Structures are given as C-alpha cells and as structure tokens.
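Two complexes are shown next, each including subunit A; its partner changes from subunit B in the first to subunit C in the second.
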Partner chain A sequence: MVAPLSLLLIVAVTIRAALYRSSLAELIAERVEVVSPITAWKRVIEGLALLDLGVSPYSGDVFHETPLIIYLFHFLVDYAEITFMLADVITAVALYMAVKDFNKQVFRKQKFSVEAERYPADCLELIRSPTEMFYIPLKVAMFYLLNPFTILSCVAKSTCGLNNAVLSLFILTTIKGNVLLSAIFLCLATYQSIYPLTLCAPAMLYLMQHQYVPVNPRRAAFWWFLVQYLFMYLGSLFVIVCLSFFLLGSWDFLPSVYGFILSVPDLTPNIGLFWYFFAEMFEHFRLFFLCVFQINVFFYTVPLCIKLKDQPVFLMFMQLAVISIFKSYPTVGDTALYLAFLPVWSHLHRFLRNIFLVSCVLLACSALFPVLWHLWIYAGSANSNFYYAITLLFNVAQILLVSDYFYAFLRREHHLTAGLYLKKKDGSEATLVLK
Partner chain B sequence: MGLLSDPNRRRALISLLTRLNAPICALCYFAGVCWFMGLAFEPFTLRTYMSENAMGSTMVEERFPSGERALATGKEFAAHKKKVGGMPVDWLVKTMQARGLEVFTQSFSRTLPFPDENKERYMVKGTNVYGILRAPRAPRTEALVLSAPCSPGDNNNQAVGLLLGLAHYFRSQVFWAKDIIFLVNEHDLIGMQAWLESYHHTNTTGMDWSPLQGRGGSIQAALSLELSSDVITSLDIILEGLNGQLPNLDLANLFYAFCQKIGVLCTIQGRLQRNDWDSVSGYSHAVQTMMLMVMKQASGRPWGDHGLFLRYHIEAATIKGINSFRQYKTDVTTVGRLLEGMFRKLNNLLERLHQSYFFYLMPSLSHFVSIGYYMPAFGLLAVILLLRALDLWVQLVSPPAIAADGVGDNAQQSSPGVLSVLTPLVISHLTGAALYILPTRFQEIAVEHFPVSETEAVVLTVIAVYTAGLALPHNTHRLLSGEGTEQGWRVLKLVAVLYLAVLLGCTALINFSLGFILALTLVPVAAFVTPHMPKTLSAVVLVILSPAFTLLFSVFFFQELEEMPVSFQDGWLLYLSVISQGILDHYLYGSLVYPLIALMVYPCWLLFWNILFWK
Partner chain C sequence: MKLLTLLSLFVTYLVTDCINIENTAGQFFSSGHTNNWAVLVCTSRFWFNYRHVANSLSVYRSVKRLGIPDSHIVLMLADDMACNHRNPKPATVFSHKNMELNVYGDDVEVDYRGYEVTVENFLRVLTGRLPPSTPRSKRLLSDDRSNILIYLTGHGGNGFLKFQDSEEISNVELADAFEQMWQKRRYNELLFIIDTCQGASMYERFYSPNIMALASSQVGEDSLSHQPDLAIGVHLMDRYTFYLLEFLEDIHPASKANMNDLFKVCPKSQCVSTPGHRTDLFQRDPGSVLITDFFGSVRKVEITTEVVNLTDPIEQVDESPANGEAREEMYSYVDQLPVSEIIHQKPKQKDWHPPDGFILGLWTLILLVFFKTYGVKHLKHIF
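== the complex of A and B ==
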C-alpha cells in the first residue's frame, strides 16, 4: 500500500507545483470562496511586513492569524509553497494512517460480534468484508489530496491547510490512543480557530473507550479521566497562549484573532451564512443574533454526543462537518477536510437517500459561485442576493449531506440489532421513516 | 421535507419520473420552445417605464440650435480626413481647443493575431483624440462620454461634426455637474479598447497604447454616435455589448422617452414597432425583432462602439442614424436636441444607473421581457437534462429493483473502471484544447505549405481540427480499458449530462441567448443518445445538432431575419468569415464565446458522440 500512496502524493504535489507556476495562482488567491479574512496569504504577508518594521502585526485591521503562524512564516516565508504542500501531504498521510487504524478496530469489533452471534441472521450482507475495507485509507487520502477544494486552497496558500494538518494530526493521535498528544494537537487546533473546541467531546469519548474507562457519570474513573484530559488540554492551551504573549509582548492578539472570529466584524462575502445576514441586520439586533449564530456551532455537540456516544469517530466527522458549515469564516478548505472522510462511510451508501440530489447541487453551486461573483462584482448586472442564494443552497446541500449520512449511520446500527428486513405487526414489509 | 424523508412518496415520485421520462422530456422541450416564442406576444410582456427617479421627474428643455453649423464642421472634418488619409489629429485638436475643451491625444498600436479580411487590417496604428469639458458645478468626480468613431471613407463625418457642435454648445451652459468627455476614436473598437484600458489602467489584451494625459471622473454613462447623412429618417439604438452584456434598461427607456418627446422615429434592431400585436403579422414582427436581439446577443460580440464600456460597469449604448426612403426626414438639429436632452438627464443622475433591469430581451422598443419571464424557457430545457440524469442514476443504482430505499438493493455490481470514463473525458478536452490553441499557432506553417492566406489558414485549421475530433475519440477509450460495458456508457452519459446541465446553466446566466440557443440543439442530443440506436442515422442527427452546424444555421437564420437572404455559396463564405471574426473578437477584445465553444461545449458534445459509438 505504500507504493500507491507515494504515487498519489507525487501526483498531488505535481499538480500543486504546476498550479503555483501558472498564472492561475494569483486568480485563485483572490477568490473569496478559497480565502477568508483570517486565512488569506496576502494578510499574512502584511502581518510579516509589520512585524519586520517592529510594529505589532495586529495594529491596523488586516492581520488576524495567530502569533504562532506569523512566527512560523517569519522563518519559512521563502519556503511558503513547500510548507503548504507539506501541510497537505501531512494531512493526507495522517488521515491515511488514522483511517487504517480505525478500520482495523472496526473490523476487530465486528469479528467479536459475529463470533458472539450478536447480529441477526439476515444482516450478513451488512457485515463489512476486509477486501472492501482494504482500499478505504487510500481513498481517504485521495479524496483529500485530489479534491479540487483542497487544491485551490493550497494553491491560494490559505492557512486553512495548516489548520487541517493540525486537525488531522489530532485525529491520528486520538485514534492511536495517545492522550497527551491528542490533547496537545487539539489545543493547537483550538488555538488556531476556537471552533475545534467541540472536538473535545468525541476525543474524550474515544479515548475512554480505548482505555476501557466506562462512560458513566456515576463512576469515579470517568471523572478522573475527564479531569486528566481537560487538565492536559487547558494546560497546553495556557502554555501556548502565554507563549504567544511572550513572543509578541502584548495581548493584542486576543481581540484581534478570537474577537474577530467571534464578533464577525468583517462581512466580506464567503461561502458561509454570516456575511449577508449581518450585513442586512439592524445594528441593535446584532449582539443577539451573533450569540444565536455562534451558539449554533457549539450547540449540536450535546445531542450528537448523547446519540453517538458509542461511535466517537463518526461523531468527530459530524462535528467537523458542523464546524465547517456554521463557522464564521468558512472556506472550501474546511469543507474538503470532512469530505475526505466520506469513503470511510462508504458502507452506508445503500442507506443514503439524497446523495444524487446533494452531489448535483454541490457540483452546480461550485460552478455557480464564480459565475455569480462575476455577474455581481464585474458585470454589475446581478447583485448580492444572487450570490447569497447560491451560498444558501450550498450550505443546505451540505446540511442535507451530513444529515443523510447521520440517518444512514443510525439506520445501519438499527438494522444490526433489529434485523435487515423489518416486518410490521401484520407481516407486511415495514419502512423506516425519520420524523 | 416530507418528500426527502418519506420513502413511500419518494418511491412513487421516482417511479413516475422514470416510467414517464421520455414523454415528460418531450413535453418539457415543447413547452420550453413555446414559452420562448410566447415571450414576444405583447400581452405577456411588460411596458417599459423609467425606474430612475433622477431621470424621470425632472423636465429639461432642449435648445440646441446649430445643426447646420455642425454639418459644416462635419464637411470640414471630411476634407481634412481625406487630405491626411486617416484621422486628422491636428485639425481635431485645434478645433476642440477652439471650442474650449481640454484636449488630449492617445496613440496606440496593435498587431492582430491574423489579418482581418472584413476590415482589411493587420498592423493597426492610430490615435484617439478626446476633449474634456470640466464640470463647472460640482467636484469633478464623475463623467459622461460622447464618442464618435472616425471611420474610413465617407462614413460618420456628420457624427463627428455633431459631436463638435454639441461640445461647443455644452461649453456655454453652466449646469453640468459631471465632466463630459468628447471622444473621437480611430479604428472603431480597437481605438475604443485602447482608450478604455488606458482610462482604467488595465491591460487585458496585450495592446500597446500611450497613457492618457488627462482624465475626468469615473464614467457613469456613455453614448456612441453613428451618423452618415445630413438628414435621417429614424434613429436606431444598439444595446448588445461584449459577451452579450446589456446596459441598464433605463438607458433604452431614456432614449425612447426623448424620441417620443421630440417626435423622432425610433427603432431597435432597425425595426419600427407596430401596434397590431393581435394580428399574425404583428406578432411575427415582434418575434423577428426579439430573435434578432437573441442572435446578436448570442454572438457575444460588441455590435457598436459602446460594447466595450459595459465591461467597466459603464452603461452605454450606440445611437445610429438611419436614412431610408421614407418621406418624413429629421435634420441634425433635432438629433442634437435629442442628445442634449439625454445628456442633461444623465447629468442629473445621483448614482449609477441601477434601478432598472440588466437582464432583458426587447420584442419592441416599448416592451421588454425580464429575466423572470424568460428564464423558465431555459429552465424547462435544463430540466430535461436533470430528468435524464435522474433516470440514469436510478438505472445505475438498481438495475432490476427499486432504488428509492436502501432495502432491496443488490450488492454492488461490477462497477465500471474510473479509467473508462476518464479517458473519453480527457481526450475530448484535449481535442477541445487543440481546437483552441492550434489555429493561431500554426498559421505560419499552414501558409508556407498550402496556397492559402493567413485568415483562411486559421479558419480551415479550425474546421480541420473540429472534423478530426469526430474521428479521434470514439475508439480511444478501448485503448486503455478494454471492452466498454453497459454500465460504462451509462456512467459516462450521467457525467456528460450533468456536465452539460451545469455548463448551459452558467452560460445562460451570463448570456441567456447563447445558453438558450445551445440548449435548443444540445439538449435533444444529450437526452436521447444511446449506443443502441441505428448508427448512421443517429450520427447524422448528432452532427447536424453539433455546435458548428448550430453556428451555420444561425448565420443563415440571421440573414433571413435581416431580410438579406443569401445563397448557399455566399452563406458558406459568410460562415467562414464569422468564424474568423469570432476568433478575432476573442483575441482583440476578450470575447468569451470562442473559448467557451472550443474548451467546453465542443468537448461536451464529443462525449455524446463517444456514447453513440460505445462498444
């Protein structure tokens, strides 16, 4: 499996290197779908210039990345292209290894269940075979590396690629069962963009299962593990924030990075839901709706945790999707990360209901973004409503996609316990309805 | 959301759609065409009305007196033009200065990718002369443009004369709140392109020009004037710009309102409007006017000097004087008054024209069809593609059984390899890229080896590559992946149909007419092509519905509409020149039709060609 993976990496790097050399790179770096005010490379360059002049990079309202990023590029600015390609490669390899490990565990668990004859007899066709699972890690790496969204994001040098690398390392270390590293990478991801905070829950659930700690609030072991993990997580967060303070010598970055993410002052159009809504809103409602929109991102953690407490990796996928849909400055790079997980759930395909519709809509929206942008900004004949309509459609499609996978997952679990061919009481064939 | 989650209802709907797929598709196609033809029927259209308050309520009085003097200036200009054998720059500078304008010149040069045989030019060198009348009443942040091309021969001398006359008259008035730029451009669109690029500090087409020495504010609106006789019978307004872009409808409304007020006959597409909409001939007149607009818009080329302004977000139109055999003539003084009135209203603008429509079709000057009315015609055609895609998807997912609900699916069929789909896709696009790149690259070689001129070489290469593309790809998918399977062509067709749907959708948003015409011919191909049809007959049908033949038919149809029918021989020559013009438009002004056809539409059509010959 190493040979196809390295071939894939070479192909991916070649595509990116070729695009860096072409005239398209400049065009892509300007696209609002690909870069956000936080992740734009242009702004990082500006921050670096300010830093070199001995001014705080956060003076003026241009730079909003974290201090660690700017110090990273302080040394690596000449090798930026390599850094971004490397970040993509790291993400892909980490996802590859993580999914490989995860599949092994899934298979082992399934084997135990089959041996214990826990599955109903007619569920044999739901049981996953090793041949089917063999190529999944490679497909995951391929879905990430060859996804046009990732390629665009990398060519635009959007720092989103680095965030994705950190997140994928977090997923890898979690699945490997390394508590300390998991906490550290999660803290790095949180430090970058706050929202990965919600991944705390799936990580803890997974690690508890991994260490055979019962997920039961009445047991002391549960609380002891929780405290341990949170201590590591918050401790490293504290260290990293203090480190940033000592690097910069001021607390400027807190309002400029986290305040910027939470209070959404920059309403440049993007693929998210915030900009249009807050541009149209009366000023005195702003705070209220800001809270509503931000809580929306975090809120789904609770019900999802309760429903999916036995499947933390699926929970993680759901959380990543929810974050990338509802965060304040989403880009296509965020979408690419959770789309990479789709091959992992390829066994759910038979239960998916709207996949055709959703993929058509996602495809059409991706093509319509630049067209309507052109009509709005350059031709002046359309207006912001056209663009927002597509944004809305894009997000509805994403939500449908995620909820479809959620439904399919739950349904498969249900069939695994209740049997595949459900009968009604009168003996006719039953159908499952989600209401 | 009941439809998305309730499996029973979904199953019923999907089985309905797959069972009745062909009739529904035929019905949609028919309904789409009918809807489109119905757009010209007057009760279905809206009357034009002025949306912009700043131009609507205020009255202006037009007093331009000196038409005769303008004509005299025009004659003087003609004499100097003849003497110099081109643009009389010195005379123009002197005359404009004498009228109290700030005068500047700009020189430009451009070598065309290959000689333009219609206008007989290859290495173009020229000079634009423009004078700025500074606004006395406001900060000079906004400007209006009045332009007249300096054309070869005896054309347009009166336009330049009138322009100078208006400049003289406007100079003496005090109420201008916007700078007015009077521009005389040489080599029509090329000069205009040079001036506009320089004004906005951009260079998109690699032209050489000297930077402008003087500027006004940001240009709000522009009018281009074409006038070739001392008296006219009617005025024609030309709206279609680059890539089918149209100016705000208020500009056309303004023109119409002043024509009504002053009592000048006004036309669009050279056609008067008629009042007998309920008679057959009246309806067919409206349809023809609308079809002319659709054909012109679909061509994507600027139909007057105003066409390039639109790219810079400037509302612009060309006003053309027509002298036909009518009794009732209008003199230049009246045209001058009309322009004065329009400029005074534009002068009143507080913001850019934005109130009215940007997407419209006009069956007559007093009626229009807005985007909400014409888009369903396209939507009905596009829906066919989606229905076919749904049908294919259902066939792919569950060959024997129902598909709506997961239960009842059989295990995965041997899915066709990615390669068998990817290969035709890549090869068609490479053919498309060849069609785009080869003609201009290989003209020298072609000229060396064959007895043809450069222009012929380019056009013939286009046709050669296009024809070669038909022979090439339909065997290549076997090279890589052996026998094509039944599933294989279905997957390929699904991809092709979705690709076409997205492509046509995007095209129709930017340029409705082009999207609609392409949909009209490509949708039937996409809907019904399978490998199991009689090969020869379907191949002939497919070729007849291919983009190249669409263009050929359009050329003949356009000539019919213009009431200048041509014989097949002449039509063929015209067809060749249209191809070369299309390529030139792309390289000179950045028109997108040629790359769109070569890089996207043609490869997409090749995919269907592939499916027909799937083995």
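== the complex of A and C ==
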C-alpha cells in the first residue's frame, strides 16, 4: 500500500504547489473562512517582524500564536510553503497508519466475537470483511489530502495545518498504544489551542483498554492509570509552558494566546457561532454567555464518554467534531480533520438517514460563503445576517452529520446484539428511536 | 547741448553703477522671509454666526489688498453667508452697518467651504499632510522662508476652539501642529491672531520658536460683537476684528507701521475685553517687525545689471538689540535624518534570536522523549 499512498502524496503536493504559484494564494489567504485571528499567516509574519524590531509580538492584538510557533518559524519562514505541505503530508501519513492499526484491532475483536458466537444469526451481513476494509486507510488519507478545505487551508498557510498534524500524531500514538507519546502530543495540541483537552478522556479510555486495565471506577488500577496519564499530560504541559516563558522571557503569551481563545475579544466573522452572538450582546451579559459558550464545548465529553466507553475511537471522532464546530475561532481546516475520518465508518452508510440532506447543505453553504461575504462587504446589498445565516446552516449541517453517524453507529451496535430484523412483541416490524 | 545732457546722464548712470551693489545687497535679506502665506479660518456655521464669516472675509480682503495673492491664501469658511437663504442681500457680506463695506466682493476664492472645514483638514493644511489628490489651491505650500499669518475666529473657550458646532481643536493640538511645522521647516515666522471668547488660552501652549500671537480676549473674558445691522438682522462683526480692519485700512504696501501698533488695536475702552499678545517665542523685537511682513507681500526690488556674488555670506543690515542685552540662544532646526549614520553606514542591527537556554532545553526534551520511546539501547550506537 505504499505505492498508492506515495502517488496520493505526490498528487496532493503537486496540487498545493500549483496553487501556491498561482495568484489565488493571496486571495485565499485573506478569506475569513480559511484563516482566523489565531491561525492567520499574515499575523505570524507580523509577529516575527515585530520581534526583529525589538518589540514583544504579544504587545497589541496582532499575534496570538504560541512561542513554539515563533521558534519554529523563526528558522523556517523562508520555507513556509514546504513546512505546511509537509504538515499535511505528516497528517495524512499519520492518519493512514493510525487507521490501518485501528482496522486491524477492529477486525481482531470482530473475529473473537464471531468465534464466541456473540452475534445473532441474522446480522451476518453487518460483519465486516478484510476486503472491504483494505482500502479504508488510503481513503482516509485521500479524504484528508484532497479535501478542498484542506487544500485551501494549506494554500492560505494557516497554522491550523500544524494543529491538525499534531492532533493526527496524537491519534496515531494513542492507537499504537504509546502512553507517553500520546500524552506529549496531546499536550502540544492543547498548548496550541485549549480545546483538545477534551480528547484526554477518549485517549485514556483507549489506552486503558489497550493495556487491559478494566474501565471501572471501583478498581484501583483504573485510578492509578488515570493518575499516571494525567501526570504525564499535565507535567509535559507545565514543562512546555515554562519553556515558552524562556523564549521571550515574559508571561505575555498567556493572556495573548489562552486569554484570547477563551475570552473571544476579536469578533471578525468566521464560520463559527461566536462572532454574531457576541457582536450584538450587551456588555452586562457578556461574561455569562462567554461561559455558556465555552462550557458548551467541554460539556459533551462526560455523557459521550459514558455512552461510548467501549468504542473510544468513535468517541475521539465525535470529540474532534464537537471541538471543530463549537470552538471559538473555527476554520474549514478544523472541519477537514474530522471529515477525514468518515471512510472509517463507511460500513454505517446503510443506517445513515440524513446523508443526502447533509451533503447538499454542506456543499451549498460552502459555495454560498464567499457569495454572501461579497454581497455583504463589497456590494453592500446584504448585511451580516445573511452571512450569519449561512454560518448557522453550515454548523447545523455539521451537527446533523455527526449526530447521524452517532445514530448509525449505535444502531449497528444494537443490531449486533439484538439482531437485524427487530420485531415487536406482536411480531410486526419495530422501529428504533435514538433517545 | 543735447549731447552734453546725454553724456552727463550716462556718466551718472555709470557712477551709480560703480557703487558696489554687494554692500546694499544685505538690505534685501534683512527681513529673513521671501514669501508670505495666510491661512484664514472661520469655524462657525449657521446664520447667526454671520459675524465670524465677516471677520475672516475682512482680514482676507486686507491681506489681498496688501499684496498676498489668492494662490498664497487658504481661506476656510464653515458656512456660506453670502448665499444663505436668510441673507436679504444675496452675494454680499457686510462688515459695517448700513451696508457700507461689502467684504465679499466679486473675486473671493474660498478654498475650504462648508463641511470641509474640520479640525482634521485644518491640521492637515498646516502640517502639509494632505492626500496626493488635493489641489494646489487647498494646500499650504510654505517653506522655511515663508511668513505665515494664521487667523482663527469662531466660538471658543478656555483651551479650545469649536469647529462646525460639533468638534473642537485644543490649544495643545494647535501647539503641536505648529511644532510639526517648525520641525518640517514650514515657516520662517508665524503670526497667529485669534478672535474668540477666551482667545488668549489658545496661544498659551505654543512652544515653537518664531511665533507671535494676538488674541481678542484674555482667559475668563468673552469677546463681544460690534454692531448689528437691523436690515440683515444679525451682528455683522466682532469688535476686535472691526477695529483691526479699521487699522489695516490705513496700511498700504509701503507702510512702516510695526507690530507695536498692532498690539494697541482695540484697547479695553473699545473692545470691552482685554486683547492679549505673546512675543516671548519671537526672536526679533516686535518694534522692528513691519505689519506688511505678515499682512502684505512686499518685495524690495531694485533693478541692476551688476552681478552679485552670493557665495560669500551676505551681511545682514540689522539693528543692534534694543536694550543691548545678550542675544538669546539661537534656535536651530532639529536633525531630520540621521545623516551621519547613513553616511558612515553603521552595521544593521541584529535580528532577534531565540535564547540559547531555550533551544538547549527544547532539544534536550525532544531527545529525552525519543530515547524513552525507542529505548536506551540506541544510545550505545551513538556514543
């Protein structure tokens, strides 16, 4: 499978290089859907220029990246395009390897269950075969690399690509079962934007199952593993934050990076939900709604963990989706990461109910974003409500997509235990409802 | 006979030519300025502020009569009184009651009219920072040999002047604008006249050299208007500018009247308020400054066919200081460009580099993680 993967990588790199050389690069770099105040390349260059002039880049509201990004781009600013292409390649390869390993484990578990005859007789058609699972890793890599969202994000040189690379490396190391590396990559991802904190829970669940630690709060081994992982995670976070202090010699970066992400002072329109709401809000209620919106991101972790504690990888997918939808400055690059996972759940397609609606809405919204932006900002014949409506619709479609996959997943699990053709007590066909 | 007169005339001509023109050349540069500009601003709108427009127009009329051309006058009127609906005599603005003197005339050139008269535009005119599309008539194209007359009138208070009934310029802003003009060498000497309530507060903050300032009232006093005309229905002029206009009507281009006469214009008996002036920033003695140095555009011209050698410094024909005091320190222009640095090509300042401790710490951590993950056995292959 190396050859098709290499071919895919070459094709992806060619597309990106071609777009870099064309005049579209500046156009794309300005689009608010692709870059946000946290990830814009223009701000990275501005911060580095300020540093050359002897001013801290965190003074003022320009630069909101972490000091490690300063360090990275101080030496790589001339090779920025190669860096971002490399980040995309790393993400794709990491996802490829992760999904391959995951598929092996899924298949092995399935084999054990079949041999143990845990599945009812009529759901044989739900059982997956290696042939259908063979091309899934390649499809995942393809979904990521050839996704227009990713290409736009890479051409705009948005640091979201780097964030995606770190997250995918985290997923790879988690699935491979390496506790230390998983904690370290999660710490790096959290260090860059706070929201991957919620991925702590699925990672811990997965690693515990990988090491055959029973996921039972009453057992001591559970708590011991929790403490170990959290110690590694928080310890490396502490070390990275202290190291960042030594880069510039000041703690300025804490309010500039984390304060900015949490308190959302910049209300530039983007594809998220924060800007419109906070633009029209009275100062009196701002703190309250800020807390509500931020808690919304972290809130789904615990219920999802309880429901999906046996399938932590699906939980990771759902958490990634929740982060991408509800974070304070989302861009299409974040969406692209969790969309890359869809081929992994391709066996669920027979249970998906809204897939046509969702795909139509996503396509239409993606096309309408630049149109309504132009009408609002340049032509002046629309106003912010139009753009916000499309944003809202885009997010609703994403939520519908994720909840649809959730429903399909749970339904398949239910069928695997209760049989495919369900009958009510009186023998007529039963319907399943997701409560 | 005719030949003799012709010959004697020719000889006289030659003799006068033999007088070394260079000795008298110093007279031409005694005043220090080579061109004159005027910036006349009326900042009030609405019909009942007719008198402010009449103030500005009367000063405009005087400086134009004394020789400053329209290309060197920036006239800013915040409202159009001549064509106001309530003007019973359209196309006229009168300064004396019974419609004796029409200061509007038929050759008025207003450069900034109506809503263009804003604090921003005024400051941009003074400092020269106008967009490239601004026409020449709207620019103050002065240089370091220009004498500029700046006349402001309108409603003011302690430390501010109101523009268009909606914004203000403060005395600090004005002082800073003049300092910018000084640093950019945009004036040789500046005469600042203001006719508003508490006008003296506007010149309190000046700190640039070569500025002389006059105001119609002190801090805490109001400047009063002169006389209403019952046919037009509003007050036509302010007292200070009315008496200033009367004073200037007696000035002609060859007049030798000096600034001390100007300070005596409108005493308290006539003006009710106490006019004030400020000369401490001005280098020359006010008694030696001619009115026409600022209000007129007077050139000393003498036709000669001799060649004047300008490479040697011309000795100025200036009078000794009045009381024989030691001269004050000479003001000089600040260095605008770091010429010495540019000439000697100082090395470029170093770019920022991350501290060594940081790099060391980071790579140590990375190596530690690497060896932890892949086992310490690799170490023996390296060392």
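Note that the second predicted complex is superposed on the first by the 434 of 435 C-alpha atoms of A that agree within 3 Å, B and C clash if a C-alpha of one lies under 4 Å from a C-alpha of the other, contacts with A are read in each partner's own complex, and residues count from 1 in each chain.
Keep this in mind: contacts are C-beta pairs under 8 Å (C-beta built on N, C-alpha and C of every residue); 3 or more make two chains touch, one makes a residue touch a chain.
Keep in mind the model is a prediction, meaning the values are calculated, not measured.
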Touching partner for A:N178 - first (subunit B), second (subunit C), both, neither: second
Which superposed partner A:F282 touches (first subunit B, second subunit C, both, neither): neither
Which superposed partner A:F351 touches (first subunit B, second subunit C, both, neither): first
Which of subunit B and subunit C A:Y212 touches, first, second, both or neither: neither
Partner chain(s) touched by A:L420 [first = subunit B, second = subunit C, both, neither]: first
Overlapping contact positions on subunit A, where the subunit C interface meets the subunit B interface: none
Partner subunit A, residues of subunit C touching it in the complex: 349, 351-355, 357-359, 361-362, 365, 369, 372-373
Interface residues, subunit A side, partner subunit B - complex: 125, 350-354, 356-357, 360, 363-364, 367-368, 371-372, 374-375, 378-382, 400, 408, 411, 420-421, 429, 431-435
Parts of subunit A lying in touch with subunit C, wherever the complex brings them together: 51-52, 54, 68, 70-71, 74, 178, 180-181, 184, 239, 243, 246-247, 249
Touching residues (chain side subunit B, partner subunit A) in the complex: 4-8, 10, 245-246, 310-311, 313, 352, 354, 358-359, 386, 389-390, 393, 404-407, 409, 411, 498, 501-502, 505-506, 509-510
